[in-house]
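Chains here go by letter, A, B, C, D and E, matching the order in which they are written, and residues are numbered from 1 within each.
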Amino acid sequence: MLAFVLRRLLQAALVMLAVAFVAFMLFQYVGDPVLQILGQDATPEEVARVRAELGLDRPFVVQFTHFVGQALRGDFGVSLRQGVPVAQLIAERLPATLELALLAAALALALGIPMGVYAALRRGTWLAQLFMTLSLLGVSLPTFLIGIVLILVFAVQLGWLPSFGRGEVVQLGWFSSALLAPGGWRHLVLPALTLAVFQLALIMRLVRAEMLEVLRTDYIKFARARGLTDRAIHFGHALKNTLVPVITITGLQLGGLIAFAIITETVFQWPGMGLLFIQAVTFADIPVMAAYLCLIALIFVVINLIVDLLYFAVDPRLRVERGSGH
Amino acid sequence: KTFKWASAGEIPSWDIHSQNNALSNGIHAAVYESLVYYNSKTFKVEPLLAQGWREISPTQIRFTLRKGVKFHDGAPLTADDVVFSVQRAMARTSNFAIYTQGIDKVVKVDDLTVDILLKGPNPVLLNQLTELRIMNKAWAEKNRSVQPKDMKSAEENFAHRNANGTGPFRLKQWVPDQRLVLERNPDYWGKPATNVTEIVYTPIKADATRMAALLSGEVDFVLDPTPQDLPRLRANPNLKVIDGVENRTIFLGMDQFRDELPGSNVKGKNPLKDLRVRKALYQAIDIDTLHRVTMRGLSQPTGALVAPQVAGWSESVHKRLPYDVEAARRLLAEAGYKDGFEVDFACPNNRYINDEQICQAVTAMWARIGVKAKLRTLPLTTYFPMIQRYEASIYMLGWGVPTFDALYSLQSLVHTPGPGGDGNYNVGRYSNPKLDAVIDRAKTETDPYIRPRLLTEALQMHNDDVVHIPLHNQIIPWAMKKNVEVVHRADNRLDWRLIQVN
Amino acid sequence: MDKLLEVHDLVVEFPTRRGVLRALDGVSFDIAPGEILGVVGESGAGKSLTGAAIIGLLEPPGRIAGGQIRLQGRRIDDLPPHEMRRIRGRRIGAIFQDPLTSLNPLYTIGRQLTETIQTHLDVSAAEARRRAIELLKDTGIPAAEERIDHYPHQFSGGMRQRVVIALALAAEPQLVVADEPTTALDVSIQAQIITLLKRICRERGAAVMLITHDMGVIAETCDRVAVLYAGRVAEIGPVHEVIHRPAHPYTAGLMRCIPDMETERERLHQIDGAMPRLSEIPHGCAFHPRCPQAMLRCHDARPPLMPAGATRAACWLHEPAATAAVAETAR
Amino acid sequence: MSTPVTNPAAIPLVAVHDLARTFDVSAPWLNRVLERKPRQLLHAVDGVTFDIPRGCTLALVGESGCGKSTVARLLVGLYRPSRGRVLFEGQDVHATLATRQGRVLRRRVQMIFQDPYASLNPRWRVEAIVAEPLREHGLVRDRAALRERVAELLRAVGLSPHDMVKYPHQFSGGQRQRISIARALATQPQFLVCDEPTSALDVSVQAQVLNLMKDLQRQHGLTYLFISHNLAVVRHVSDQVGVMYLGRLVELADKRTLFAQPRHPYTRMLLEAIPKLHATGQARTPVQGEVPNPLNPPGGCAFHPRCPHADARCQAERPALQTIGGVRVACHAVQEGRI
Amino acid sequence: MRAAWMRWWDSDLGYSLRRSPTAMLAAAIALTCGLAALLAPWVAPHNPFDLASLDLADARLPPVWYPEGTWRYPLGTDDQGRDILSALIYGARISLFVGLVSVALSVAIGVALGLLAGFVGGWLDALLMRLCDVMLSFPAILIALLIAGVGKALFPNAHETLAFGVLITSITLTGWVQYARTVRGSTLVERQKEYVQAARVIGVAPWRIMLRHVLPNVLGPVLVLATIHVATAIITEATLSFLGVGAPPTAPSLGTLVRIGNDYLFSGEWWITIFPGLMLVLIALSVNLLGDWLRDALNPRLR
């Protein structure tokens, strides 16, 4: 177990290094921060001076090593747009994205799994067909379109929900929550829904397919032969076996949620990391972009690790070492 | 009354001397005031913190400060604050150097009098001073904010997130990308007409969402509504749209330096160096349709490089060459390009109103005379550096004139590139010594009679040579609820003293 | 009524694209309490389907298209699902071929056992666990108290098969349907399992329907044996009779195919040809194309099960009208 | 083996000498280091020696997991041996396979796999399956000739040439097994390794397959290594029988001798466990005790925990395979004459 | 050709297609869109990419059933005076091209690497799977932004073709991973199967075993994944266009049309928004439905 975690951490470090490298490539290619800083009237001397101040005149390798060294200490430099340490910016924005992504994930799981189970068990009923059709729409529609249509319907036409922003927040230590603030949920509904739709559809289809597969296995047949109740068979035996692949995909998708949040956050002016990132892109705010990439990679790595540990919790076959148990 | 408004951008800092950003300059003006300011209706410079001024010599101007003005923390405004603030704007980490270029130093005469000493005669000093806002010296010293915030360093001064000005509003809360709240300053020295007690600003980047926020009533005012939605907004009984000509001219520039254009099928020569070709391109543009369809009327077609508010503008330079496809074809044929030619064409896609659509439409119009423009559109972050590397053959640019003086444009756009900001955006690298000479004379000419003539002459020479192909002055629409009364300003900023919410 | 299970004229069909396939066609047999009935026949003859039909677990699109199944005189083939569920496990237990895939890998065997017990019997959790341990001991699993909390993958193949048996017996059913319970195992484990099965039947008085390819196992274990061919019962009777005096030519052929330990032959006897596919079962007796004794009649009419000595066989040779003389030539 | 080679017919076609194969089943390196576990080696086959004369059949029997399939795979070169050699007509098989001669050898040694369905590619037509070895070895190049040869092979195994266009799933188990035999015969091999070729079949189909194999042996002088756990089948097909236990050969004898007079206690127990057809209702005696863990085999004679005759020597010392009364057997008790 | 078609129509797959009305409908839609896109120059009433033919005066005309509508532009025109119907057909051509090519590339790369990893195993396997991990950390959007940046820096002048290059490369770079993983998993299973060992015993070279034996048997799930991926690739392309890393503005793809249309959602000129969106959803939906059907049809247990 310990060895497993250690091995994963080692791999994670490699993955992170690769990501850092790519992140660092950003410095080279995405826009020129110097012109952004100095504005249009800069003289060549000024440009050279700022270039030197930012360390952009040094060789690539030196810059990269410096970057990794700083990044390891959590120092990603200063946002060129806001003049604030990037780490601080990210810390401010992380809660908003996390809250949104977690809520969307919860929504996707809480609705997706039962809908998938239903669609598998009641294959052919009209409700199951409806679920399947809706899920197809969910995977076919681009996120931004869904978001804007939701705004159009619920904010503009019906006026039920706000169309942008996060509203008031409640501070809980470093974390800030809109959900706990009075009326805060109203701000969360539309973005979370938009973000969840794709995942929901995916999870639902996945659960259905897996469930159908599991329902055909011998142990389910044998469980039936033992006369167990349908409840016990479907939710005790089948669902748990279904969960193993669902956990993998969901884990990866949660990371995807955070990445997808870029679009949702832009559409809803949700003050999270995605918005930060996209604004950094329009400003060529390279330190922010680099930090964002590294953070996303870190989140992926952590989620992968958690997924693997969850595997251990769910599937006893993985718990024993190979070779023993004969 | 609370006034809630939105636009796409966000201000980078509350430090008034850190970033010269149009949006933040406009917002800062609610909290910090400058010595003089434009009158929102006439666009004449009028006194603000300075009660008056007088020219002691061409290079020494004496300003008398208004009495009884208090900063938000209660400290009175003194000459020390003015000296401190102007010097602060001249600091190395400040981005306001363009507004202090001509200033040699600032000297306190007495508690309510300062002298500004110039390096040479400066016809646009007052215009520059409109953007130099005044900060309290003692407050800045107490709160480690003597130097403007350096955006490249993590070091954060107090003034980055806090404000202490003399303006009609005080900073209450600023959460970047979320909300900016200003509240009424009860101790304001003036008697502003506004009935607003609180101003809430939210940046909303996505166009559709911003419009949705207005339509759903979540904001009262949108600074930058999307042009295609205007007919709808105008038709909405709860909303209204007001617009006015912005002091910004959109034009196309052409590479007139290279001997052969990269990406063109014409080898060995540069067709854009040929005046006939430039004229042909000009005359092939159906500006009226562009105005009517693409801009939906939100433009003022022009043949000049500057907007009407700008000194040097005249009816004659405003007149365009006529739209005439036949003439264009003929000119091309005369120049030896009967079948047209291929040329590279670059445009920004998120900078000017409808920039991408304009370029597409122009591409289509040129296609009719056989000029095959290969259009590429880039976001402004990559576009501006790209054209400054002289990589575009034909490019789009919009030039605003904060000083309301045509020299600003002529020097940057037409003068042969050189030191001191000459031709810094002449990215077609046009060079005409005669024109340069006229521009150079205008730099020091302060005579209110001769100066405009010089500028007009330069603009006319520019037109005669078709250095650029002017398109139009942008008309900026503002959208708001019916019950909101504001004054539209050509610099696209709100005058906080005049907002009414009924 | 002294019969535990009666299957009468069972028909199982698969509707497919190219028409309806009849996989079982008029299968009839019965099992008495405490009896072990062996079921043999060529691969695809319908052995597993018969078992599945009895426990009501035919996989769709398969369906019972005719006939009756009675358990202690009560029809069970038309019961609604929830009632059938109560019979499964409680009154009819089932054992499938593959011990590895029959157990849910995610739960301890203890949990699977107590779950089954508690579904059918009204006992406390502690009592259920006690019984589970008992069952494991009964099936010969050493250190049952400890191993009850292990997961299926921690057991060897033979032990897993024993766990499956324990599960089938958990609610003390009166009938056990065992579908090839030893095919995957080697002789020594096979012997253990068969011994176990027999002992448990003897001790608990349960009846067993044992499906297998292995004639040795049949001979050793069963009281009676049914021979299936192409979805029909070819012959049914006491095991000794069927093995030593088969009445149906197919059975006879089958018995002669077995390589035996005593005599030595250069060539094994074989039945030429292959069983017809379901879509092209010939008219009349399904075996007639391969039958050395086929008569004209076999082409036209399908023989019913007829008494033939101590057994009953579906063969016109044993039609009462047909004389012993004909039967004599068959020998 | 030890007799000097004088006449070519006396050379056994296949000679296996001290063949061993271990599998490394250790945990990954980091786990081993952290948990201080040693490397774990599984001795699947551990020093097996036998010959098969031309035209003869050697059967291997033994419990599941005792290494029968591993021996088979070693013989056809699917695994490389950890120790020992396999000689085919005096040539080292694994050395030859590495050289240009390897293709010729491939042609001469073929294998029939246990599962008739799994060993046929489900997406190929029978024609392609049977023709593959012919094409691979360039034996027949012409399309029509290839077809003709495939038809001939199918006829040889009792299938119709019309079956060529069908897919494997359209055949019965016995027919599938015939297809794989036809494929194995395509290159006209001299040596055929058969790994439980009939265990999935019912008796009538089994009889068909076994008869076919015998016919081929008679007609073409094939040599077989035959693996099965059905002793009745073994008795029918084989000339010699080797009994394996935990990777080792414990007894190797002529078929008649072995069945009439088993020497090794394990062989005896195995024969006891055979269900007897003609003694209906009679219980048999299963082999006692649990199957040992191959990763951690008992010391000394691996069978001693289950052996009724085991003594102190059996626990300590591993018996070698010795010829006693014409039978090769590895048992202290037999060698000492205790049984 | 005809015979092959008839044979297919009569096969189990063809039969199950005939049996499923949704699949038939989806196939019909997909076929129509595909053919229209393929034959765009002959099918479309106008050539929307021919700039000289555009008339700005015709911009934003409504569909034909409105009083101002004309049969010249059955579905109306967009802000440049482009015929929406023609733009849709040409846009679908680009979108389908990008979708199909990038999926084909993803499949090719993913299947090749997955096969290699599964078949060769060892360090190659470990290396390739770690590579998958790295790729998984980058959403397609980020990759696209990166490649666009790098590409523009490297080839500042190759813009039109570059846009497609960026799209295809970035979708491919993020897409191959799923195929590699699936194929590797199946290969590990197939490799153990006896027919592979049988081929070895016959003496078939390893790479031929890989291609001729293993590949056809692992292709099933790949096929299903790929049909779904086509739809997601088109959507990804649309999303990338939304972020401004898409097709050039003078030759808009379906995604670009949707993005442009996005600006007209509130303006009343709904046809600029709705038709491209509808077309996108229709294509995605039909391809997805086909994928769904194929998954069920290829599963013998469901047949």
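Worth a mention:
Assume a contact is a pair of C-beta atoms (placed from the backbone, for glycine too) under 8 Å apart; a residue touches a chain by one contact, two chains touch by 3 or more.
Since the structure is predicted, the reported quantities are computational estimates derived from the model, not experimental observations.
The set of chains in contact with chain B as well as chain E comprises A. More C-beta pairs touch across one of A-B and A-C than the other; that pair is A-B.
Between chain C and chain D the centroid-to-centroid distance comes to 32 Å (mean Cα coordinates, whole Å). Rounded to whole angstrom, the centroid-to-centroid distance between chain B and chain D, based on C-alpha atoms, equals 89 Å.
Rounded to whole angstrom, the centroid-to-centroid distance between chain D and chain E, based on C-alpha atoms, equals 51 Å. Per-chain CA centroids place chain A at a distance of 24 Å from chain E.
Residue positions of chain D touching 2 or more other chains: none.
In chain E, 149, 152, 262, 265-266 are the positions where the chain touches two or more neighbouring chains simultaneously. Within chain B, the positions touching two or more other chains are listed as 208, 212, 215, 350, 379, 382. On the chain C side of its complex with chain A, the touching residues are 55, 57, 59, 85-90, 93-94, 96, 98, 101-108, 115-116, 119-120, 151, 153-154, 156, 164, 167-168, 170-171. On the chain B side of its complex with chain E, the touching residues are 207-208, 211-212, 215, 226, 228-229, 231-232, 262-263, 286, 289-290, 293-294, 344, 349-350, 356-357, 359-361, 363-365, 367-368, 374-379, 382, 386, 391. On chain D, the positions that touch chain E within their shared complex are 73, 76-78, 102-103, 106-107, 109-111, 113-115, 118-123, 132-133, 136-137, 180, 183, 187. Those residues of chain E that touch chain A in the complex are listed here as 130, 133-134, 136-139, 141-142, 145-146, 149-150, 152-153, 228, 231-232, 235, 238-239, 242-243, 255, 258, 262, 265-266, 277, 280-281, 284-285, 288-289, 292, 295, 301. The residues of chain A lying in touch with chain B in their complex are 30-32, 35-41, 43, 50, 53-54, 77-78, 80-85, 148, 151-152, 155-156, 159, 162-166, 266-269, 271, 275-276, 278-279, 281-284.
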